[in-house]
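The same chain A turns up in both complexes below, where it pairs with chain B and then with chain C.
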Partner chain A sequence: MDDHDHSHPHPAAADEAPPGYYEIMETAIRELLIEKKLIAPGEIRRQIEVLDSRTPALGAKVVARAWVDPGFRARLLTNGRAACEELGISFYDDTQLIVLENTDKVHNLIVCTLCSCYPRPVLGLPPDWYKARPYRARAVREPRKVLSEFGTEIPEDVEIRVSDSTAIQRYLVLPQRPAGTEDFTEEQLAAMVTRDAMIGVVKVNLEHRIDS
Partner chain B sequence: MPIPFPAPGLNVVKALGEEPAFKAGDSVRISVRYPVGHYRVPAYIRGKLATVDAVMEPPAVNNEEEGFGRNAGCKGHYFRVAIPLTALWPGYAGSLLDSLRIEVFETWLERV
Partner chain C sequence: MSQTEHLLKTLPNDIGGLPADRIERIDHELEPWEKRCHALADVLDFHKIISTEEKRRGVESLGAELIGKLTYYERWVVAFANILFQKGILTPEELAKKMDEVERRQAE
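Then we have the complex of A and B:
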């Protein structure tokens, strides 16, 4: 225990403004659902735990496995969901997963122009920019310009393939394995794979390697 | 050894809609409709010509019906289709190779 005596004022730890319209509506609906015994209070907390357990580290593990195991890579490209489930990554909804492989000839970029569809079971919550209108509108309209703003330049003879997720399919980009990583372990490879590389806005870069 | 389906000698007639309406390589047009409600076909692709890239298996509930709480017996196929970005956007500045890929439910696709 520390000897912090709370004799000085602290800034508010969270937003203490009065609740807004939708916040009040959410609270009212939640309380009604619990009162009518349609859900239990623990179920919402449990679902938050499910979502919190999903992070880009899971996707990175999938990518690294695909890089070292050709059989897994083939199964992943055939049925993304089944291959992730093989690694113990469960899908808690009815979405399917298409894994899009970047090659010397194709660079994949994913977006949801209608809302914020995202491979949450394997990557967790999407970044704010992914949900914001500028990215959603521009990714399908001028993908090369958007990519260059992320510092990614794709040669003219490489196809940019933008996948717009709208319904039950979700996408995960399988980035190219950088040259010079032949001696890396699967764990070292996974440490290089970032969230943005699995959305397709950057490539996996040897310089961005996180030493473990 | 897996049993072939349908087993030899069985004459099974598939119900309407059980088989996908299109196959990879087919040319299709995305319908131009503006129904009232929540729809999963973005406006920017309506009326555009597309090529079927792949049939999505297994068949799935029509998300647009599901959005209104209706899903009994309305499973159908989604098709992953390709549209060149030059066809979507007049004056598109990038490579001629660049394309959009998107899944569209069969009720929104017309044979060309």
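Then we have the complex of A and C:
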């Protein structure tokens, strides 16, 4: 055998690691389901495009509209999904959305203690900390302490309500509009609303404003 | 509550209210295969092949040790395989053969 003829496959370049066991399993399952015509080849790619199109900017648009339009706010609190669809945000799954309004008396926090359920059509995919054990375990037992670890101090006379999501029931927090934003346009308001404010772990404040 | 009573009443994913570490605000950009895995989960749900709740129970049935050792999307892909076997949609043998084929092809 020629010294230069390797019978084994060349190892991939260092910056391009070979696919791992679970990645190979994912590819194999997908290809088998396509071969069996249970899913169509383009469906996964199209769904990746849908996932990529969902970011907290959509939720921020919903929040800003609710702040400037009392009629929309009322509809949003009555039926979150229908009101989001009114703004052209489609729900690609069977989930329902309950929007929880923060007030001077109540601060809302959302969690999924069992897994990682999250209002994906309006916020995109959840951050890793939302899916990790410490947040899931502790948010329902000691929310004030959890909030303080996010730098959020809620006064003792404000009730904290924690809502635990399920596979079909998701929540979105409608944060309080900060004082001093009376002259802001809807776009300026939306630019202040962060993902974490819509999970309820932080408040919206003027420092979050993204100046264009 | 005895130790076994606790194990009986709470499954591995049922951790709401348990003591846990301080929150670290971790996050990462999904790897391409992780995003494909997420899209696959959605498509399986659309076609009522595996619903979101079936997937969650599929992860639960992996048991505490495996749940603790696999990453988030690794748990999903293993749960998909097990559920598809249980439903008779795939067999372990055809998945093993296809995985060998994928591995050979990607090594080329």
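By our rule, the second predicted complex is superposed on the first by the 190 of 212 C-alpha atoms of A that agree within 3 Å, B and C clash if a C-alpha of one lies under 4 Å from a C-alpha of the other, contacts with A are read in each partner's own complex, and residues count from 1 in each chain.
Here is the rule we go by: contacts are C-beta pairs under 8 Å (C-beta built on N, C-alpha and C of every residue); 3 or more make two chains touch, one makes a residue touch a chain.
Fair warning: this is a prediction, and the values are worked out from it, not measured in the lab.
By the touch criterion defined above, A:R161 lies against chain B but remains apart from chain C after alignment on the C-alpha atoms of chain A.
In the superposition on chain A, contact of A:V140 is made with both chain B and chain C. Look at A:T27: by the touch rule set out above, it reaches chain C but stays clear of chain B. In the superposed pair of complexes, A:L114 makes contact with chain B and with chain C alike. Once the two structures are overlaid, the count of chain A residues touched is higher for C than for its counterpart among chain B and chain C.
In the superposition on chain A, A:K131 makes contact with chain C only, while chain B stays out of contact range.
When the two complexes are overlaid on their common chain A, residue A:E43 makes contact with chain C while staying clear of chain B.
Using the contact criterion defined above for the overlaid structures, shared-chain residue A:Q169 touches chain B, although it does not reach chain C. Annotation: chain A residues 94, 113-114, 140-141, 164, 167-168 touch chain B in one complex and chain C in the other.
Residue ranges of chain B in contact with chain A, taken from their complex: 40-42, 44, 56, 60-61, 63, 78, 80, 85, 88-89, 93-95, 97-103, 105. Touching chain A in their complex are the following residues of chain C: 13-28, 30-31, 33, 35-40, 42-47, 49, 51-53, 56, 59, 70-74, 77-78, 80-81, 84, 89-90, 94-95, 98-99, 101-103, 106-108. Listing the residues of chain A that touch chain C in their complex gives 9, 18-19, 22-33, 36, 38-39, 43-45, 47-48, 50-51, 92-94, 111, 113-117, 125, 127-129, 131-141, 146, 149-150, 164, 167-168. Residues 94, 96, 98, 113-114, 140-145, 156-169 of chain A are the ones touching chain B in the complex.
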